[in-house]
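For reference, the structures are reproduced in the following blocks.
In the two complexes below, subunit A is the common chain; its partner is subunit B in one and subunit C in the other.
Moving on to the complex of A and B:
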């Protein structure tokens, strides 16, 4: 690339913006000149002003990600990292603010980008940064009353064994031990001083209800229709263990607070204990419907880091073709699933979903034959994919009653993409789109305006149904998407119905992409699919990277900080289903209880990703 | 007209309903018995009921399918090294394992105490194993492979779910039977059906013999 540098040096828009900022805020803004890092570091006291300038004057109106990094032993500060984008497309403007670990306070940016709300709560919860002026600064993934901030480098989990994997106890003297055996009660668990389990009253529940209080005392004021209802967490309509505490006036929603974290396992802490490659199968477990796109996002972000080093070869063309094939098939899997479940939520119990899931099964058969697993695919590697597409999709009888199938893979893909899937999508369309039950329940419900969608950092179909044609595949293209011909699906009403229609449109666009990918797959037959060295500890140079992909549920980003060692210092997931929930209250206000279920269904969340 | 959309939708449901019976008639009401029926019912040509009636019929899994690793040992009727471990206890699988579910005790010579390429003990906690397949992917000796048997339910996890070397060991023949294509590809890469080290030694011996012969002729 360096050989073809343009003669006249043009300044990239980001560079221009950074220079403008530096000119305007001479004393408070400096370049981040650590090796492998980019963007600017803003003085904490002026963060709000600079952020407002970035948003208002420079036009970076979409805040994709906000997360914190703990630099214990490297300056002993925690750093908040923001990635802001222009909704018209283009690269990120990265700005950071540092604050000491012992007294971590930063001003909130909820006034500039309301979408930062949940992300700041997450940073408070897991990293212990207090945000001055945040309207509702509570823990979000852990419960109120939890002691400590788990993502801090000096925080250890109860089953803590060692700081980094691989653990020394496994080899060469690996005498097996269950973790529960070497962790008797009390040992290894940190309790605050003078804490007694008998006298403890959890503040978790009151904290949830305090924020959403009725303003009436039910003991004296019984003549009221206003009630608080807790929807979930064990409720089929919430797609998992998700809970919404709603304040109702009669049947109308007045306020809503999402409560999450029931499936929280601190994916990011696990990721920081893992080596880079060990983390790949864990990304499968984020959005477990779309494991292959998660793999792709993670691979892209680590490849960005590896590209900083000397010995790195980008994936071959065939590897990229296979990646796109997998990503688009995953999109189809996800969208038919989402549409099926939306209908479930509307009360069409399981019939539409079952019809939709047949096609998903057929795609999963292909995934299973190629990757070895239907859902937890673990297929992408840094520098390509794990294995080429097999010649045949063929079962091998092993168990009693095993029935064998044997199909040519390319023929299978061809008729899947050219016949079966388009027919199924048309059928789904005919079945649901004009149905009066569907239109009555969905049209005009859960409206999110264009400006709100951008402000709340909504992503994916939620954003595009509100009239914003923003798609990472076009806004900041990756892989072979620039070569492919497809349209960004967009609808303009921002209601549940339009989110359904956008998904239907995207299904058709995915088919269009797949039809272009198939010949490429044939042309590149025989090329290698992996350019790495196939070692279990690839070298990842020091630096930071933010790799993002257009996942079926929205923009999935991985922010990774490497120190040039085997394990990352920081590994953060910008989870679309988590951040899309920021706007949930906005969408639900004024609607009826039954509509909340439809609205939640139209956002299409997966709790594996929301709670991480 | 109001209600037309629902009517159109119901037609789709009706089509699915009718297709089920057409499919039944097509196979002479022997959908579950006819030898060719299963492969078609579970293919792109499927029109009727798509479900598989487990456990009376099971989808055979493809060769790459991965579910809990096993250790490859030499066939029990092997002339030289029956039941011999292919594992050299190099520890790569234990190091790369993402959930760290592999425990290995490296073998030692009883007299000298020096390590020998053979595991003394090998454990996999199958409750922790996430079936990622890295151990098989990175094993330099093709000694650990992913199994296809997914029916592992047991009554007590504490006693039954930590597999030891005996439980993990399966003959090379088994690997050949569940993944014929890949077993053959690997054998080609190694240069024969034997263990890598055995082949290497054999090569060396052959070369030495060759050298001796040439020496003598000189």
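Moving on to the complex of A and C:
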């Protein structure tokens, strides 16, 4: 355990960086002076050198997010946006590089921050930016052979109606129409005019095995075969529809490539058609175990933008207290779930998971009473939360012995936070921490060193189990976390076992936070919980923002570009589950194939967020 | 169901039974007796496939856990292999990339097999329907037996779906080949596996594609003739 003090910044990171970089790179580095924007713009030709200087000389060793924006009609370029941080804490340095739309090429930064690997592949797949020198530039979310780069502004999906919602066909007249009836195939498909399925060989599967030596090579001295194993997408231990292609020598892993996109639901494309508030329920479905903390991240990023304009009132203290209450309860839900499933992956089938899920149900009862839904809460708003917590919890649907349960909410929370949950956590600790299954299969397995964890942009428990006390709640505090007393959990071995221990520690810290939050809830009773104007589409001034929160799985970020319209121009999610997978191969190499499952379980991914 | 109800259901109403013996005697034929025994056995031992797609899978797991306890339906035996499963619960968004393995898995399941579409996504595309990688409902490719709406359906709703499936099984009769085709002929035809081309292509729609090509060709010819 160690306490991490917030770093006080006197000079803005952009000024500091500009001063140093302009001295060295002259005019190829300039300030981004579009209204509402910040950071620096780097000439594509010097991007690699400048990035290296930012990493080595300025000390921005942690690249949180890299994403692309299509500025069709506003200069007709696509722009890569990078958010770099110092692992010691503090605000981001944002730098950008632009390249023309029809010939989009940029140098890869995998040499500087290896963690950018998948994010560059995503930018290639969805936005069509080719990265020179990238070691494995294949599509990542869609399949190889798919036509077009769907996040381009001029690319239209088969069920396309209009650029922006609300669609004229549905509002204000509001008649029903079935998109299927407008498509000759009755399906959500479109084909290039000249394409014909006859004699067509789909490149989707072969492309997955590109770069992997398929030939079986018998090494006589060891008497083992080289084989390629494809795990998933339907596999009981891949936590959803995740797939890995593993190259084995005997049972030892030589290489591993994650294959994803089986749950790519086009969150960002849909999000760019939606109005700002319409995206809130979609964020629930990112990391569907932690919907409330996703809501919080999105609300924060939009509030940042709204704060640029006039007539914005920040949320009241009570609203912030409720937000933290929800976020920490969500963390408990997630971590008990993750621990239960880790044990499942280790072969301790179902029993630990069953215990974990019991506690989850109790918390979900509270969520249901407050937000109206067990899982998809859609609860936070720009400027507060949708409703105050109710006075009583009535379990109408969950009858026990035919009795409707009717409890005072504060009493319920009190007994949950002070008795029930701490006891459950102690129980998990007591039964699991010293269990042979845990110790034998987890200690020393899947080690990620401190330097690798930072370089690969790992986040959350994965990063903290490798000895890096980095927690957004402390490094760049938001909401009321500065007022709260808690430690950043950290462990130092970087193996599966330590990731489990970090989660246990975090569970205890969450309880500690919740114990401080309860009296605050009582103190602020009666304050309003929403300060915004209750309108269907709030005004969001033009500009960009990157809001991030410490989600249970790691740093969740929302990069939003607004043009002052009802809808965002760009809406990007920095998904911790997705980026944590970049280091999966690093963790697995040299271990046995059975360990992959344990290592994957210890990263704790959720596919809704990985694939979006 | 009490014993009495069970007898009443079996009983052929055309055959009169004396007043006092109605609670103890049923006159029936062998087919009906077999049906009820057979269906009773099948309905209480539906093995679902361990197969979670998206958010709805979390509620499916919650249904399997202790509070909702789907073991009451004889459904706690969750199999990872399609070869051992009777029921495919399509629990979440079906994407174009994923529908290929889903069709394969369905083809690998032995008959009799059932499909339960869980949630708005599996029923008809749900909130992500307009997405370019989303299949608007698994019934575009597989025959679905039970639809459970909701986003996600609560565990109670899923349990209700299980009960609906049991009712469906109860209504099947060994004497009627249309309701139990798998006992009549050989194995039924496999569903053609979709192809990942420039977009998802369903081999059953070749005729539509040909029609589209012809229409495009004649349009091009018309244009030429005009010029």
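Just so we're on the same page, the second predicted complex is superposed on the first by the 565 of 612 C-alpha atoms of A that agree within 3 Å, B and C clash if a C-alpha of one lies under 4 Å from a C-alpha of the other, contacts with A are read in each partner's own complex, and residues count from 1 in each chain.
Keep this in mind: a residue touches a chain if its C-beta (ideal position, glycine included) is under 8 Å from a C-beta of that chain, and two chains touch if they have at least 3 such contacts.
Here the structure is a predicted model, which means the values were calculated and not measured.
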item	value
Contacts of A:406 with subunit B and subunit C, given as first, second, both or neither	first
Touching partner for A:20 - first (subunit B), second (subunit C), both, neither	neither
Touching partner for A:480 - first (subunit B), second (subunit C), both, neither	neither
Touched partner set for A:197, first subunit B, second subunit C, both or neither	second
Partner chain in contact with A:281 - subunit B first, subunit C second, else both or neither	both
Which of subunit B and subunit C A:488 touches, first, second, both or neither	neither
Partner chain(s) touched by A:87 [first = subunit B, second = subunit C, both, neither]	neither
Partner chain(s) touched by A:358 [first = subunit B, second = subunit C, both, neither]	both
Subunit B versus subunit C as contact partner of A:394, first or second or both or neither	first
Subunit B and subunit C footprints on subunit A, overlapping residues	281-282, 358, 361, 376, 397-398
Contact footprint of subunit C on subunit A as seen in their complex	141-143, 145-147, 150, 157-161, 179-180, 184-193, 195-197, 200, 202, 204, 233-236, 240-241, 261-267, 269-270, 273, 281-282, 285, 288-289, 353-354, 357-358, 360-361, 374-376, 397-398, 607-608
Residues of subunit B defined as touching subunit A within the complex	2-6, 8-9, 12-13, 16, 38-39, 42-44, 46, 50, 52, 55-66, 89, 91-92, 94-98, 100, 102-106, 115, 121, 123, 125, 130-134, 137-138, 146, 148-149, 151, 158, 162, 177-180
In the complex with subunit A, residue positions of subunit C that touch it	50-55, 57-59, 61-62, 65-67, 80, 92-93, 95-98, 101, 105, 125, 127-136, 140, 151-152, 154, 156, 195-203, 205-206, 208-209, 211-213, 216
In the complex with subunit B, residue positions of subunit A that touch it	165-167, 169-178, 274-275, 277-282, 351, 355, 358, 361-362, 365, 368-373, 376, 378, 386-387, 390, 393-407, 412, 415-416, 419-420, 427, 430-439, 534-536
